[in-house]
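Each chain gets a letter, A, B, C and D, in the order it is written, and its residues are counted from 1.
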Amino acid sequence: MTELEGIHFMMPTPFDERGGVDEESIPALVDLAVKAGCRGVVCLGVTGEASRLTDTERRLVSERVIREVRRRLTVTIGTSATGTEMAVQRSLQAVDLGATAVMVAPAPVAKQNLDAVFGYYKAVASAVNIPIVVQDYPKETNVFMPADFIARLCQELEEVKYLKLEEPPTPPKVTAIKKLTGESLGIFGGLGGTFLYEELIRGACGTMTGFAYPEILVGVYNHVSQGEPGKAAELFYRYLPLIRYEFQEGIGLSLRKEVLKRRGLLGCARVRHPGAEVDEVTRQELYRLLDALELT
Amino acid sequence: MTELEGIHFMMPTPFDERGGVDEESIPALVDLAVKAGCRGVVCLGVTGEASRLTDTERRLVSERVIREVRRRLTVTIGTSATGTEMAVQRSLQAVDLGATAVMVAPAPVAKQNLDAVFGYYKAVASAVNIPIVVQDYPKETNVFMPADFIARLCQELEEVKYLKLEEPPTPPKVTAIKKLTGESLGIFGGLGGTFLYEELIRGACGTMTGFAYPEILVGVYNHVSQGEPGKAAELFYRYLPLIRYEFQEGIGLSLRKEVLKRRGLLGCARVRHPGAEVDEVTRQELYRLLDALELT
Amino acid sequence: MTELEGIHFMMPTPFDERGGVDEESIPALVDLAVKAGCRGVVCLGVTGEASRLTDTERRLVSERVIREVRRRLTVTIGTSATGTEMAVQRSLQAVDLGATAVMVAPAPVAKQNLDAVFGYYKAVASAVNIPIVVQDYPKETNVFMPADFIARLCQELEEVKYLKLEEPPTPPKVTAIKKLTGESLGIFGGLGGTFLYEELIRGACGTMTGFAYPEILVGVYNHVSQGEPGKAAELFYRYLPLIRYEFQEGIGLSLRKEVLKRRGLLGCARVRHPGAEVDEVTRQELYRLLDALELT
Amino acid sequence: MTELEGIHFMMPTPFDERGGVDEESIPALVDLAVKAGCRGVVCLGVTGEASRLTDTERRLVSERVIREVRRRLTVTIGTSATGTEMAVQRSLQAVDLGATAVMVAPAPVAKQNLDAVFGYYKAVASAVNIPIVVQDYPKETNVFMPADFIARLCQELEEVKYLKLEEPPTPPKVTAIKKLTGESLGIFGGLGGTFLYEELIRGACGTMTGFAYPEILVGVYNHVSQGEPGKAAELFYRYLPLIRYEFQEGIGLSLRKEVLKRRGLLGCARVRHPGAEVDEVTRQELYRLLDALELT
């Protein structure tokens, strides 16, 4: 189970009405991933609101997720940080806690400096002995990593075995990177799954995203794996209206939490401030869409 | 025909193989809009690569579009500029040429300053006597205009009668602005039509976008207008895979031009440098999607 | 000593050769501030590389600084965070540890939203009972706060008693804010002291900056306080070459640490990665400038 | 006179009270540069508010400047554009009008893409037969060009003979680039002259900036050229308070125009909207500084 592939559920961090971490909702989220057929979960990513958690809360969430997973899934822990030492420390903690892999985005910078980015990954790679998932997410980090730079990370740093690709447009970048790295780098899609079909057809090994019906993504993945792209496309397109709707800028996480709450998996849809929350009109619009798609 | 509403085709500027403006392709693009049932065309927007045209080329395109339209459609001309005097001059020229309306985005700024934005619109509004479509497109301008600021523009500047809304998420912003402006401001969607259904249901008066099958958007619009939201959703969702695909960051315009070329409406899909162009793998992916949707 | 004013030394966080926090250098830095005639110190700001410290390290630094100060100076602790709950928790911890005040910059955001910024400050203000120094530093936060918004923070939130102003150009903004807030808000300059003279003449109550010769800034402040602007200007201009040199983008912190090391106050000039460090040519250039100014 | 070096006066574009180009003030500005001992003038840069001029106005300014210069100085014309074809067209026009060189900044982009930047410069270099001054100004363009990329431009494109360096910190970048390019690339400083002394000592061949007393910069340059760095530093530091003051973010251009007006060289200090203009308090502050420095 140490090889990462397939659909990974990007876990939100559950909060209670007062804004505290609601540890007790974690088991249900893990169960969703298991029942959906996911191969792994990822915690402490952007979807996990990691940047709004204290170090103590990060540890609490990581421990509980790993405990609940009971080796049924891989557990990838986000350890991105605003400094290299901190990324190393977080990654070492993830190793200690028993994570399968760490997911690491570059430290946000005022100006593009790929040498500094390489140094950052090198420091993490030197410290840990588990796979590193490089997160390529310029919208959050303001760091643009060309395909050849990503290939260099993969070639020079043994632990860099996976990429979570979120620089749009993702389909051509999957192709460009695979041309350089072949089988040595597993590429996961992201961006809410909005291009899952194209990413898989072009050779992505799965996706890591927080879409609240991971079973649908698993279905798409399985169809492609079984050589049935037509069925994959059909399934993907059927639910695309929701995949698109959930991935709205700013309110995407709130929408996902609303769906998970409606599914009975979260007691509270709260997002930590200043994260945006959906209003009632939008919630009703979401519900109508779920109803139209016969999703409960 | 001076009231703007419905679907407006956002025209690309056709170029020939050597990069010059290909004026001779303009009639076919106008005809597409007419036959599709559009109410208007918009030229010299981001889709029209206006920022890569000289002043002479801008005039050339505007004149030819207006001439070809022959009053069958409204013609909205983009006159956004990096300075206020220039926005005024371009808008006055649009009036002279016979434009129905001008579409104006704020001058991009290093830092948010709504007083300066108001001054910019006031200068344009004082100079012209045709409707102004305020373009709210922070991704391009780095200017964020809250709902109450847009309402103020509408209330204090008589010519500000329309909004082209492209700050995601658009559906809640449609609702927020309509609550403040009622019927005094017509709100058009944008963002490639990716949220057209929700925008219309929430009271948008249409959309202005360059999606290369405007007849599909017209169909959605007509269903909503006729009180058939179910049929609108059905039609919208059927083509959503393409609407999404065409709207990919960076290569969206190139994809549209490829579609228009395949439809026989453009002789050449060229985008001006440094605009990105699609590679062959992506073109084939696009074609397969068009085939799957039985679009020719 | 609870009223903040005058020159506050913005403390760097000392690191050892291996990148760990070098707690033992803190007393010397505090002594520098005391001997220089500073009224206060500030720790855990940008100069303190707060964003590259773990929560444990933040606490360690805060405790040690407060312990060493022994009530000789005010201690302002930076508690800015990427989320509101975290800013509240950090601020409560600062209160617990005995801080005089907290300095809080808005959470960085993807898009300007002053309502969210207000909510962030309101949450902190509701939680603490010590003065809040609002840090207006758009270059770091991407949040632009107009003068009237800052006045509103001061008027509606009792704890907001101070501003650290770092939106250039600072002199006119000092005047604009003072016109709105009068004596109810104390305005500190920043930006490395590069406009200290003008800020003080326009009514700023001091500055908070990490310039490595705080005694010079104290001299300028004292001259202005004693009604001797000419002497203030003379002193300020004499050392302006260094004030300017130290404030170079990207390498400013490294330069300061080099100066403090040369002054015997830091054992090691290390900056945490990916912070930039000066090269040997630049270090020699710095030394020549210090020699020319007869600074040791 | 085709070799560029020394101090180049970056010309503002004069406007009249109604915002039109005030061609009649151009001769006095050119004379200032001649009398100051400048080797060249540069027009249509950021200081020239080029982005707020129509194509017609650009041509008008270029023609008049070249006519007034009467071969007494080199004339470098800014031809930066938001698209490659436009940069080529503007550069060809500059050649036609008799420019000595063109100054070209990369087209601003949403995301870093050095291949596209290279293509842009290659297109200009293929079109013109006069020297290209590459403008490295990331604050305006959002394009970061590492030293090795700039060296590559110089090595592969024959016309790329000069660099105007405005990525802070400039002194170490001068050294880094010179190590790669030796004498094959002339490096000019910028940034208002705030690091002129250090730039020259490290091997810059001059500066191109709009500081309103270019004779002071010429003095500094001459001292360095004559092997008198001590005298250069003394002169530079004496006027540094003003060099710094004029270079304030946002209002720098307005300040320069105020100085030029006071010097009797401009009839009107107007800056085009939405460029910021100084208020009366700031104007008086500026005047006091000029008086203190005995500048008239």
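Criterion: a contact is a pair of C-beta atoms (placed from the backbone, for glycine too) under 8 Å apart; a residue touches a chain by one contact, two chains touch by 3 or more.
Since we're looking at a predicted model, the values are computed, not measured.
Colleague: On the document's contact criterion, could you list the chains that touch subunit C and likewise touch subunit D?
Modeller: A, B
Colleague: Which pair, A-D or A-C, has more C-beta contacts?
Modeller: Spelling it out, more C-beta pairs touch across A-C than across the other pair.
Colleague: Under the over-half criterion for shared residue numbers, do copies subunit A and subunit B use the same patch or different patches to meet?
Modeller: Shared-number fraction above one half, so same.
Colleague: Measuring between Cα centroids, what's the chain most distant from subunit C?
Modeller: Of all chains, B has its centre farthest from that of subunit C.
Colleague: Distance-wise, how many Å sit between the C-alpha centres of subunit A and subunit D, to the nearest whole number?
Modeller: Spacing between the chain centres: roughly 46 Å.
Colleague: Centroid from C-alpha atoms only, then distance subunit A to subunit B, rounded to Å. What do you get?
Modeller: Each chain reduced to its C-alpha mean, subunit A and subunit B end up 33 Å apart.
Colleague: Rounded to the nearest whole Å, what is the centre-to-centre distance of subunit A and subunit C, using the mean of the C-alpha atoms as each centre?
Modeller: Between these chains, centre-to-centre, one finds 37 Å.
Colleague: Which subunit B residues reach two or more other chains?
Modeller: Within subunit B, residues 111, 113, 250 contact more than one other chain.
Colleague: If every chain is a node and each touching pair gets an edge, what shape is that graph: line, ring, star, complete or other?
Modeller: If you draw each chain as a dot and join those that touch, every dot ends up joined to every other.
Colleague: Looking at the complex, which residues from subunit D come into contact with subunit C?
Modeller: Subunit D reaches subunit C through residues 168-169, 171-172, 175, 194-195, 198, 201-202, 233, 237, 240-241, 244-245, 248-251, 278-279, 281-282, 285, 292.
Colleague: Show which residues of subunit A lie in contact with subunit D when the two form their complex.
Modeller: Touch residues, subunit A against subunit D: 111-113, 138, 144, 146, 167.
Colleague: Which residues of subunit D touch subunit B in the complex?
Modeller: For this pair, the touching residues of subunit D are 19, 49, 51-56, 81-86, 89, 107, 109-111, 113, 116-117, 119-120, 123, 139, 250, 272-276.
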